[in-house]
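In the part that follows, the structures are each spelled out as structure tokens.
The two complexes that follow have chain A in common; it is paired with chain B in the first and with chain C in the second.
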Partner chain A sequence: MTVELLSANHGAALAATLAARANRKGRGFCSGVYPITPSTECMEYLCQQKIEKGRVIKVESEHSAMGVCIGAAAAGARSFTATSSNGLAYMFENCIAAAMLRLPVVIAVANRTLGPPWNIWADHSDALTLRDHGLIQFYCADNQELFDTVLSAFRLAEDKRVMMPAMVNMEGFILSHTVAQTNIPDQAQVDDFLPLTDIPHRLGDVPHTLGQIEVPHQTEVHRWQHHNAMLDVPKVYAEIQKEFEGVFGRSLHDIVVPYRADDAETLIVSMGTIGVTAERAVDMLRAEGKRVGSLRVRLFRPLPTDAIRAHYAGKKRIAVIDRNISLGLGGILWSETRALADPGAVVQSYMAGLGGGDVRPEHIVKMLGDLEPRKIAGPPAMMEAV
Partner chain B sequence: MNEPALCGMAQTELDRAEPLFRKGNTNCGGCGMSITLQMLRHAVAQRQVQFIVPACCGAVAGGAFPQSTFGVPTLMTTFACAPAAASGIASVAALNGEDLRTIILAGDGGTFDIGFASLSAAAERNEDILYICYDNEIYGNTGGQRSSATPAGAVTTNTPEGKVEQKKDILAILAAHRIPYAASVSLAHAEDTLRKMRYALDQKGFRFLHVLSPCPTGWKSEPALGLELVRLAVRSGLFPVYEIFDGKRHVVNIEPDFSDEALNMYLSLQRRFQKSGLTAADLRPAIDRYWQNLRSLSGRIVPARRDA
Partner chain C sequence: MERKIPADSSIAAASIPLPAGLTLPLEVRVHGRGGQGGVTCAKLIAALFTEMGLFVQTFGDYGSERSGAPVQAYTRVDRVAIKNRNKVYRPDHLIVLDEGLMGAQVLEGVAPGSLLLLNTNASPGSFAGRFERYRFGTIDATAIAREQGIGSTAVVIINTTILGAYARLLGLPLSVLEKAYTSLGLGGDLAAAKHAYEQVRVSEAVREIEAPAVSAAGAPPPAVAAMLGHSRDFPATLKTGSWSNQVPVYSEHPAPCNLACPAGNDVVGFIQALKNNGAEEAAAILLRTQPLPSVCGRVCPAPCMQACNRGAFDGAVNIRSLERWIADHSTLKPTPQIDEHPLHVAVIGGGPAGLSAAYQLALRGHSVTIYEASPALGGVLRNGIPAFRLPQEALSRDIDRILKLGVEARCGSRVSKADLDRLAHDFDAVIACVGFGSALDLEAKGGGLDGVEQGLAFLDRVKRSGEKLKGNVVVVGGGNTAIDCARTALRCGAASVKIVYRRSRADMPAIAEEIEDAGHEGVEIVPYRQPVEFLGSGAVSGVVVAEVEAGPPDASGRRRPVVTSRTSSLACDKVLLALGQKSEIELMPDGWKMKDGRAWLGERLLPVWFAGDCSTGDGTVTHAIGSGRLAALAVLNGCDAAQDGAGAADPVAPGQIRFSHFDVTPSHKDGQLPPAALAGNFQEVNLGLKGPEEAQRCFSCGHCTHCDTCLISCPDGVIVRIADGYRVDGEYCKGCGMCVAECPRNAMTMQDKNHKGVRV
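The block that comes next holds the complex of A and B.
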């Protein structure tokens, strides 16, 4: 184990490199990459690594980047790519193909606003467009967490009970370009932690066709199997957490991260780096004697409804802060989780930090000032409107 | 396809017992892609191959889960990324020291149009892929719309008056990528076809075969006349059959007789040309210009190549 100063982008690439090398005794590693701000440093770093039995292919588009990953995984190799925003949108079709073909590609996404009009700063709206298509989605809040999650995502995605792509999200610049000390395990530890990639339906010697035509009831069966495999993710992840602790001697983050939430009356719910800011806001409000807590949702697909419901139980007021907007509806995390609260609870949608705007503790305090007197939830609100 | 193809001259017991393209497929009768696959089967012989098929008639022909029409491991990809996916497959095979031929089977829409960027990039990287484009000059499985491979004058479902623009010169474009091997293939000349398939199978790097693939459904032609149409296209000079090595050396494989009679026959046997009323006289100047250029590129007049 060493400690290195790394940006989150570089951390994600290093985690992928270690995972790639860990498969050198298996079918190796192959990845397609294409640059886009603010994800570019991730692919640059990957391209600078020596990977035994590995190849990183520099393609002409994100669509082809995922195309390479699909081919590589269909041939039984470990695979990874990184992108952002419009790059992810351009990759969209092949992300779905990778999911439907049940290929365990890991994707590091530096979340960025979709355009034009061009805006290169953080926004979760890019990754959330892929929420319905059978890819696991994690949202991270700091460098170490991102590194650990990327590494674990390989194990999770490649687990035979799961077998599907996994996206690991970090907000562009806010996290992707933040440099922090990161614990980096030795290759031998990673070799211990990650079994060799074994994709049972990979192309081999026996003639069979991947991705061919299906009739309606076959599609229903396959979607249902995929859905149920997704529902297994929290269970499999819990096993991986134990393994992780055993091998690396430190813990892997839970799928949801509560903070001073148990005795809270009011809960702030968010994803990504806003969750850390929310914890500072909680401390400020607790100092004033307010019973406030925070819940950071790390795993968004599958949505850990049981864990979220357990933390929503008994809360009178819940502020869900989204760094995204489903136009015509409101915050996506809010719309997906509001039904999990107790009857009568006020679950209010706040959208903040869209297009990369700074979200500071005082902003969150202001939102709670707006929430406190409410007897019923109002329409979703933008931070500026509070 | 139990009928011995190639006049019984070439098909082996193995070809019949283990076809690349199995019985019960959904291709239209007389489809050039079916013939291409029977020829390819014979050329492949004992070599280990895998198919990558983007959306095209070939993706439909692959059949419905869980049966497979293709007799080799096959990956169906999205429309625009077969060369990228094939790059992944070929790379993993190379990393594992496997002697595998990665073959893309794609239509003209996936090659000339939507997959063009991915194709160009894979050619630029000189990936170890054999790309076979069966060019039926139309979007076949969507019901017959124009592509950039559709020749001027052809009526399609979205060019009811006949297409105005010329067909893209895909071979010249591929040659400009300086790939090791690019060739046009006439299914009506079995020996030349097989020789090229075998040669292409055994080269390293990016190889491209452009097959003029009769499509009775889109061409509005008699299914039994497919190979005859190809023969007429070759004889008249409309479809030049040649090969390009490393983007430099051009070799003409079949010498046409530039017969206007053949050209008129080619046009009149396909209802897609009826409306525009094209005749040999309309096409001849462009054909002459093309051949003038081809002669200067090849540097000599080469008679039809005969295999031993």
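The block that comes next holds the complex of A and C.
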């Protein structure tokens, strides 16, 4: 193992490279890529790597990039791509195809808001457009976590009980372009950790069709199978965590990350890098004697309702901070989890850091100042992070 | 930027000791402009700290603006892994890559006693206490990086340089800097970093506020905006021109062809005029400097084509033949100016230099008399260059144009020493253009045999009266005269022609195409041979040639021929000598001396100028034309002939042409007379171009063609068309250099904004 000074974009590409090489004795690796800010560095790095039995194909659009990944996975290869923002939006149709065809493509998304008007900076609104279509979604907070999650996503996505695409999210620039020390395992360790890709329904010697027309009943069955496979993810992931620790000698983050939450009255809930900022705010408020804790949701699809419900239990006030907005509703994490709190708890939606605003601990303290006197939740509130 | 750090735990072992006095956690903020390398600078700082076994985190604060916009970058350093994901608001160390950025905004959050490192060419004293609250370092990293050639023509990259200064302020020994640069793979930039390390100047913070920097944890947090209804919007009225430290300057630069032309022709000018406006307008430009375009368009060795930047892309522009096209397809006759007080000038010699001098003077309204020894004007053009290369009509057309300006020609008047002395008294000025002296002979036994003669005499005779040859001919020499003799001999009926030359074929000074054509016509070239004896009784019947070896290079760079004792003989019936001509002037009256192109009698300067081969010995028509023109201008200025109006600027280099903007288009080749029996056939061999399309291939190096590439490439749309080109709006130009990087022909360059005389 070595420690490398890497940006998260490069970390994601390096994780994909190691996973790709780990399949050299299997059916190899193939990736379609197309650049877009702030994800470009990831595909650039991947293009520079020499991968035995692997190819990275530069195509003319994100739609085609995912098309290549679908073809590769349908032929039984390991596959990966990276994109952002409107690039992901353009990839949307084929992302759904990859999911519905149950192909385990791993996608690294450097989250960036959607335009126009154009803004190249981070929020989660790009990835969340794909929340309902059968792709696993992780949201990460630092370089090491991102690297580890991309690597593990291959194992998770390719598990026969799961068998679907996995998307690993990092906020554009805030994480994608941040350089920090990252532990990089040796190829032999990755070979141990990742079994050879085996896609049972791949196009092989026996001719068959993928994605042919189906009647209503078949659609109902397939959706239900897909949904239940998603529900299995936390269980499979827990197994992978054990494997990970065994092979690499360090732990893989849980699907939710609580911080000083057990005895808290007030809980700050968030995803991505705002989660670690929330932890710093918790420290500031704890120093003032306030019983505040934080919960960072890493796995958003499938939504780990049991884990979240367990952490919501007993909390009087919950501030859900979304770096996104579902226009006409409010924060998406808030809307999905507010029903998991105890009856009578105040679950308030705050949206902050849209389009890349720098959300600082002081913003979070201010939100909690707003939350503290509330008896009931108000309408979703927007915080201007300037 | 990646590199491997051997890991025992999760953090690298310290390979550099921590400098004394460094307080952790440490936050560094770098301010620069897009394109200066500020983000990389922060990454390099982070890498430097990893060498000390510390945790780092570094990131840029990217703008949506492009190059030139203010950019910040941050580095955090700590003993434990860093959780903070926010920007740096209270830096302990502030590095400013561009003095133009200095202001309240940049200093925001910087506590007294913090470290401030500024890239500036001003001395620390000139800031008059502005930064006395800080530990303040200054370094002119831009000058160092520019000197070391780090960056591009558009933007100097200073990050690796300023890191050297920063290392010094951190208190790292130079050896550590060297080690860090080696391990970061920045060895190439180490020299610049060392200069910065040595040159950085520091003034300590004033004593009463020398307290260590207050780190973010202890300071009151910056204000947080209230939750707003988001009704407020931001006006977009940034005058982004204040961001720039460099500006594009729209200006012409000398094209290599123009600088290479010995005649001083505006090559780019006439080709572009031909392309845009046709042959007449092109002729108007060409005829400013070139009185003999029909001649030069045929026989010029074309140094312009050697210099042509297109040669490095898909083959030089066929400039010589474009000149011919213009000469053959225009009817322009320049009219002389009227000079109220015309000078009376005598020109001695009606060759290219004399014709050129006479032309320039007559154009300007002066009275010129040419004294020519031969029965007709033209000199070597008339009696030396064979008709199959330069037809009579082409030469006559050019000479008629000159005579129509009112030039008087006195042909058949050989000027003696006494005549020259008299002319110097009778005329306001005399320009002597008498060419080379007599032809050089070969010191070899049998040189007096019949059939051994000077090639020039042979060529002259053939042109005057024709000649029939039989048998085998040997030509001695390697210049254009030798080739002309050989090809003429074939046309006169020689059964075979061999050229004997003492160096290699590649060393032959003749025009390459002519050598090739001679080969196609059947001339055999015998290199590395020197005639040592002519055989025969009465008439020549053979030549004994010695083998020559290539010795060490001489002053011309060519290898010196070393004659050996190994000989062989060639049977022949005629030998033509083409060994060059003497350079002495046989015309000088007693006591006269030539110096710097002028005649002197003792200390007295005489009104006599020299031009062409008798003065410069360059030996080409185009050099003679240039020399004649300069002599004429010198007469008019009453000064020395050596100067030209052209500046000493460097020509546009191939690297400054954006080849990617041009399609590969092979050069248009000259038509050739179909092969036919040569005997008696003096028809012009080269038929020239079929049309003027070749002009489209000219890059127009350094000369704007109004192609709009700069305007289209400007990310901010601040370049506008004006009558004679383009204007860059300095209020908004951020100095990104895109227009300069994209200009296909180097008609724009970047200059420092504080550069003297820069106007936008």
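The criterion applied here is as follows: the second predicted complex is superposed on the first by the 383 of 386 C-alpha atoms of A that agree within 3 Å, B and C clash if a C-alpha of one lies under 4 Å from a C-alpha of the other, contacts with A are read in each partner's own complex, and residues count from 1 in each chain.
Note that in this section contacts are C-beta pairs under 8 Å (C-beta built on N, C-alpha and C of every residue); 3 or more make two chains touch, one makes a residue touch a chain.
All figures in this text were calculated on a predicted structure; none of them were measured in a lab.
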Fit or clash - chain C, chain B, common chain A: fit
Contacts of A:54 with chain B and chain C, given as first, second, both or neither: first
Partner chain(s) touched by A:273 [first = chain B, second = chain C, both, neither]: second
First, second, both or neither for A:23, with chain B first and chain C second: neither
Touched partner set for A:149, first chain B, second chain C, both or neither: neither
First, second, both or neither for A:84, with chain B first and chain C second: neither
Touched partner set for A:337, first chain B, second chain C, both or neither: neither
A:5 touches, of chain B and chain C: first, second, both or neither? second
Partner chain in contact with A:71 - chain B first, chain C second, else both or neither: first
Superposed arrangement, angle subtended at the Cα centre of chain A by chain B and chain C, nearest 10 degrees: 70
Three-chain overlay, closest Cα atoms of chain B and chain C, distance in Å: 17
Complex contacts: residues of chain C adjacent to chain A: 1-7, 10-12, 43, 46-47, 50, 55-60, 62, 64, 81-87, 89, 221-222, 224-228, 230
In the complex, chain A residues that touch chain B: 27-28, 30, 32, 53-55, 57, 59-61, 63-77, 79, 93-94, 97, 203-215, 218
Contact footprint of chain A on chain B as seen in their complex: 48, 50, 52, 59-60, 62-65, 68-78, 80-93, 95-96, 117-118, 120-121, 125
Residues on chain A engaged by chain C in the complex (per definition of touch): 1-6, 10, 38, 118-121, 141-142, 173-175, 177-181, 183, 250, 273-274, 276-277, 279-280, 358-363, 365-366, 370, 381-386
